[in-house]
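Labels run A, B, C and D following the written order; every chain starts at residue 1.
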Amino acid sequence: RADLARYVTSLGDDALIHAQRLAEWIASAPELEEDVALGNIALDQLGQARLLLSYAGDVEGAGRNEDDLAFFRDERKFLNLQLVELTNGDFAVTIAKLLLVSSYQLELYRRLSSSTDEMLSAIAAKATKEVAYHRDHATQWTLRLGDGTEFSHQQMQTALERVWPYLEEMFDDSWIPATLLESGVAVPVSELRPAFTQYVTTVIRQATLTSPEVPSIPTGGRRGIHTEAMGFLLAEMQHLARSHPGATW
Amino acid sequence: AEQQRRFDELIAADERIEPRDWMPAGYRKTLIRQIAQHAHSEIIGMQPEANWITRAPSLKRKAILLAKVQDEAGHGLYLYGAAETLGVERAELMDLLHTGRQKYSSIFNYPTLTWADMGAIGWLVDGAAIVNQVPLCRCSYGPYARAMVRICKEESFHQRQGFEILYTLSRGTEAQGEMLQDAVNRWWWPSLMMFGPPDDESPNSAQSMAWGIKRHSNDDLRQRFVDMTVPQAEVLGVTLPDPELKYDDGHWRYGPIDWAEFAAVLKGRGPCNRQRIEHRRKAHEDGAWVREAATAYADKQTARSQRGAA
Amino acid sequence: RADLARYVTSLGDDALIHAQRLAEWIASAPELEEDVALGNIALDQLGQARLLLSYAGDVEGAGRNEDDLAFFRDERKFLNLQLVELTNGDFAVTIAKLLLVSSYQLELYRRLSSSTDEMLSAIAAKATKEVAYHRDHATQWTLRLGDGTEFSHQQMQTALERVWPYLEEMFDDSWIPATLLESGVAVPVSELRPAFTQYVTTVIRQATLTSPEVPSIPTGGRRGIHTEAMGFLLAEMQHLARSHPGATW
Amino acid sequence: AEQQRRFDELIAADERIEPRDWMPAGYRKTLIRQIAQHAHSEIIGMQPEANWITRAPSLKRKAILLAKVQDEAGHGLYLYGAAETLGVERAELMDLLHTGRQKYSSIFNYPTLTWADMGAIGWLVDGAAIVNQVPLCRCSYGPYARAMVRICKEESFHQRQGFEILYTLSRGTEAQGEMLQDAVNRWWWPSLMMFGPPDDESPNSAQSMAWGIKRHSNDDLRQRFVDMTVPQAEVLGVTLPDPELKYDDGHWRYGPIDWAEFAAVLKGRGPCNRQRIEHRRKAHEDGAWVREAATAYADKQTARSQRGAA
C-alpha cells in the first residue's frame, strides 16, 4: 500500500507542479488564445493531480486528502520530475517543457490505462485524452517556433537545450517498486522511451530543429531531490494554506 | 435617409442591427468604444485574480479560479470579435489600450490583497457587472447582444462562486472572518462606482438609450445592485461600510459616493493603473516574437500548400 | 501602549521589508564591492528592524517577540511604507529607493534621537549613524548613474519616476496617534519634508537629473494596505517559519 | 640563476615570497591559478547560501546568514587582490570564471534544499575548507598567506555558526531532526571530495609541496577532517552516511569515495554547474552598464579636478 501510494503520489506531483508553472502564464501569454489554451492545459493537469493525489491519500489510509498532500508536505516529500518544476523561462522553454512532459505522459497514461489497478487505469484513461491534446498543442508551437522566424528558431533550439538535461530522469525505472511492476499496476518507464523518442525527434526534425546532444545531469525528483527553484514555488503555493492550518476554504 | 429610416424602424421595433446593416457613424463609433472598453476590462480584469492562482488555499479553489480567469480571456475574445464585426481590428484596439487611449473598468485598478478579495470580486464586482450587463443582452446591436448572453451566463456562475468563497470564510475561523470583512470594506464603494457617474453627470447616456444600447440609467442600475446585495451581506454576516445605509420605501438607500476618488482613478491615479497597463504591455511585447513566428510559419505553410496544389 | 507599539512597529516594518528587498541583491550585484555594500546596508536595516520590533513586542505586552511579529503577522498587519516593498527592479531603481528611504530615515531618526521615549531615542541615535552611511552610498551612486553614461542617466531618471509616486506617503502625519506627538514620543513626519526635499533635490540636480513631476498615488502602507508585490515577499519570507510553528531555530 | 638561488633559499628557510621578489614562472602560474580558483569558490559559494537569506526562519539567523554571505564576497575581494599582486587583473580572472576556463570548488554545484543545508554547509563545507586552508596561512607567498589568516579566522566563526544551526535542529522538533539528518546525508560525501583526488592520483601536489604552497597531502587533510568531524556528529546525534566508518588505530576510517561522481561534477555535470555560472554571468552582464557609468563618472571627475587644478 505504501508503495502504491508513493507511486501514485509521484504521478500526481508531476501534474500538480506542472499545472502550477503553467498557471503562472495566465494573463501573461503571447496572445489571448494562448492564455486560454495554457489555462486549459493547466486545468487538465490540475484535474489529474487532484484525482491522483486524492487516490494516493486513500491508498495511504492515513486520512490525508489532496490538499493535505499538496499544501502540507515539505519539499523533500514531493516526488515530481525536476523537469516540471523548472522556472518557465520564455515561451519557447515552456513549449519545450510541455512537449517533453506531454509526450511522456501520453505514453505513460496510455499504458496505465490497462493497469491492473482499476482506479489508476480509470484516471489514466481519462487523462490520456487530455494529454493527447497537450502534446498536439506543444507540437504545433514547436513547429511554428522552429520553422517560424530565424529568431524563434534560435529561441526554440536554445529552449530544447535547456530542458534536455532533465530528460533522463523520466525513463529511470529504479524508483518504481518491483512489486508494482510485477503485479501490472505500474509501468516500467524505460519501455516508454522508444515511442517517446520517435515522436519527439520527428517533431523536432519537422520543426527544422536538432535534438540536443547535451549530457543529462544528476536529478532525483523521484527521491525528493529538487532544484533550487522548487522551494520558492512551494513557498508561494503553500503559504496561505499553511498560515491557516485546519481552515476550510 | 432611406437607410436612416430603416435603421430607426429596427430600433423602434426593438429588433437587432446586424453587421451587414447600415448604421449611423455615431452609433458605430459609440458601440466600438463601448465594446472595446468592455473587452479591455475583461483582459485587464484577469490580472487582479491571476495574482492569487498560484497561492489559492485549496486545489479546488485553485481550479475554479484558474477556470474563471481563463473564462475572462474567452470573454475578451468574444468581445473583440464583436467589435471586429464593426470593422475594427483587435490589434488596433489593443494598441489603444496599451497606449492609454482607451479605458477599462476602473475597478481593476485596485489591488487584490488577500484571498478574500477573490470572493469579494466575484460577489461584488461580478455582481455589479451582471446588473450592468444583463440589459445588454437586449442591446440593439446583434453580435454584442449575443456575446453578452454567453458572457452573462458565465458571469453569474462566477458571481455564485465568489459568494461561496465568502460564505465559506464567514463560517470559518476568526482570521477568515476578519479577512472577509476587510475585503468587503475595500471593495464595496469601488463596486458602486462601477455603474458610472450619477445620472445628472452622465452626458452620453441619453443617446445610448435612444439607440437601444443602454436600457437603464446608471443610478437605476446602481440602486438595483444595492437592493440585491444588502440581503446577501446579511447572509454573510458582514457589515457594509456605509453608516448611512438604510431601508426605505422598498429600497436600500446608500450614503454619498466619493466621486473624487472615482475621478482620480479614472485619470490614472489609482493604486494599480500603471502596474496593470505595464503588465499588459509587457506580456504583449514579450510575446511579439512568438506571434511573428506564428505568422511566418502560417505564411510558409500557405506557400507550401500552394506549391503542392500547383 | 497600543499606540506606541503600533508606531514602533511601523518603523520596524520599514526597516525589515527594506532589508528583505536589499538582501535579494546579494550574489547578484553589479560588482563585488556592491555585494558587500548592499549587504552592509541590509544588515543595518535588519538590525534596526530587530531592535524596533523587539521593543514593539515588549511595549505591546502580549509576549510577542521580533520573530512573532516578522513571521506570524499577515500582510494587512504590516505597517511599512509601500515604497520599501516595491520589487527591486534594476540597480537604478534600487538606488532610487535607497536614496529616498535613507534620506527619510535620516531625518526621522535624527529627530527621534531626542524622543521622550528613551528606548526609541536610543535606537534612533544608533540608527542615525547607520543611515547617514546609507544615504551617502545612495548619493554616490545617484551621482555616478545620473552623471555617468547617457544610458545610465536615462535609467536613473526612469528609476526616479518609478519610485516618486510613493513619496507622499512618507510625510503623511494622519496615522500617527496625537498622544504620541503631544508627548514628544513621535515625530510629525510632515516636518521632515523640507530637509528631505532640499537634500534629495540637490543630489538629483547635481547628478544632472530632474525631480520627477509625477502625481502620487493612493498608498496606505501605514494602514496595512500594500501593493500586490507584498504578498509574494511575505510568502517567501514567512513560509519556513510558518511551516514549523513553535520551533526554535 | 642568482635569483633562483635566492628564491630557493627563501623557500628553504620557510620565509615569505613577496610581490617584488623574483619567482619562477611556474610558481607564479600555479599560485595565480590556485588563488583565482579559491577566489572564484568564494564568489560562487555565495549562491547556495544566498538562496536561503530571504527565507531564513528567524531574524537572527537571517542576519547571521546575510553577514556570512557578505563575508564571502569580502574573501573574494581579498583573494582577487592577492592574485593581482601577481600581475593579473580581477576582470581577467572573472572572465576566465565566466567562460568556464577556470574552476571553482565543485561542492558549490550541489543545491541547497532545506534550511538544514545552511548548517551542513557551515559545519561540513566550511569545516573542510578550514582544514584545507589553515596550512595555507603558512603558504610561501606572503599576500596569499596573509589573506588566508584573515579568511581562516572568519571561516572558523562561520563553521561554529553552522554547527550551532545544526545543534539547534538536533534539539528541536522531529521534523527538524529529519531535516538535519537529511542534510548531513547529502553533504557528507561531497565534503570529503573537497580535499581533491587521492594522493596517488594527484599529479601536481609534489611540486606545490616543494614550493611551500601546499603543506599536506590530500588524503592527510581528508583524514584530519574526518577525525575532527566524527565526534561532532555524535554530539549532534546524526548518523554519517557511511556504513564502513569505524575507529581504528587513532583514526576514523571511512569507506570508498565515489570518484566517478566527483569527476562528473568537475566536468560540468553536477546538479547546479550550469545554474551557478549562468547566475554569475547574468549578475555580471546586468551590472555592466553600472560599472561603465561608474567609470565614466570617475573619468569626468578626474577631468574636472584637473581643470580645477590648471
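Just so it is clear, a contact is a pair of C-beta atoms (placed from the backbone, for glycine too) under 8 Å apart; a residue touches a chain by one contact, two chains touch by 3 or more.
It should be emphasised that the depicted structure is a prediction, and the values quoted were computed from it without experimental measurement.
With respect to inter-chain C-beta contacts, which pair, A-B or B-C, contains the greater number?
Counting C-beta pairs in contact for A-B and B-C gives the edge to A-B.
Of all chains present, which has the mean Cα position farthest from that of chain A?
It is C whose centre lies farthest from that of chain A.
Just curious, how far off is chain C from chain B if you go by their C-alpha centres, in Å?
Centres of chain B and chain C (C-alpha means) sit 37 Å apart.
Roughly how far is chain B from chain D, centre to centre by C-alpha average, rounded to an integer in Å?
57
Starting from the mean Cα coordinates of chain A and chain C, work out the distance between those two points in Å.
Centre-to-centre distance between chain A and chain C: 41 Å.
Among all residues of chain C, which ones touch two or more of the remaining chains?
74, 235-236, 239-240
On chain D, where are the residues touching two or more other chains?
55, 175
Which label fits the chain touch graph of this model best, line, ring, star, complete or other?
other
Judged by the touch rule stated earlier, which pairs of chains are there in contact?
Per the contact definition above, the touching pairs are A-B, A-C, A-D, B-C, C-D.
Per the contact definition, I'd like the list of chain A residues that touch chain C in the complex.
74, 232, 234-236, 238-240, 242-243, 245
Which bits of chain B are touching chain C when the two form their complex?
Touch list, chain B to chain C: 48, 51, 55, 111-114, 175, 182, 261, 264, 269-275.
Which bits of chain B are touching chain A when the two form their complex?
Touch residues, chain B against chain A: 43, 46-47, 50, 53-63, 66-67, 69-70, 73-74, 76-77, 80, 115, 165, 168-169, 171-173, 175-176, 279, 282-283, 286-298, 300.
State the interface residues of chain C toward chain D in the complex, per the touch definition above.
16, 20, 23-24, 26-36, 39-40, 42-43, 46-47, 49-50, 53, 66-67, 70-71, 90-91, 143-145, 147-149, 151-152, 155, 236-237, 239-241, 244, 246-249
In the complex formed with chain D, which residues of chain A make contact?
Chain A reaches chain D through residues 74-76, 165, 215-219, 225-228, 230-231, 235.
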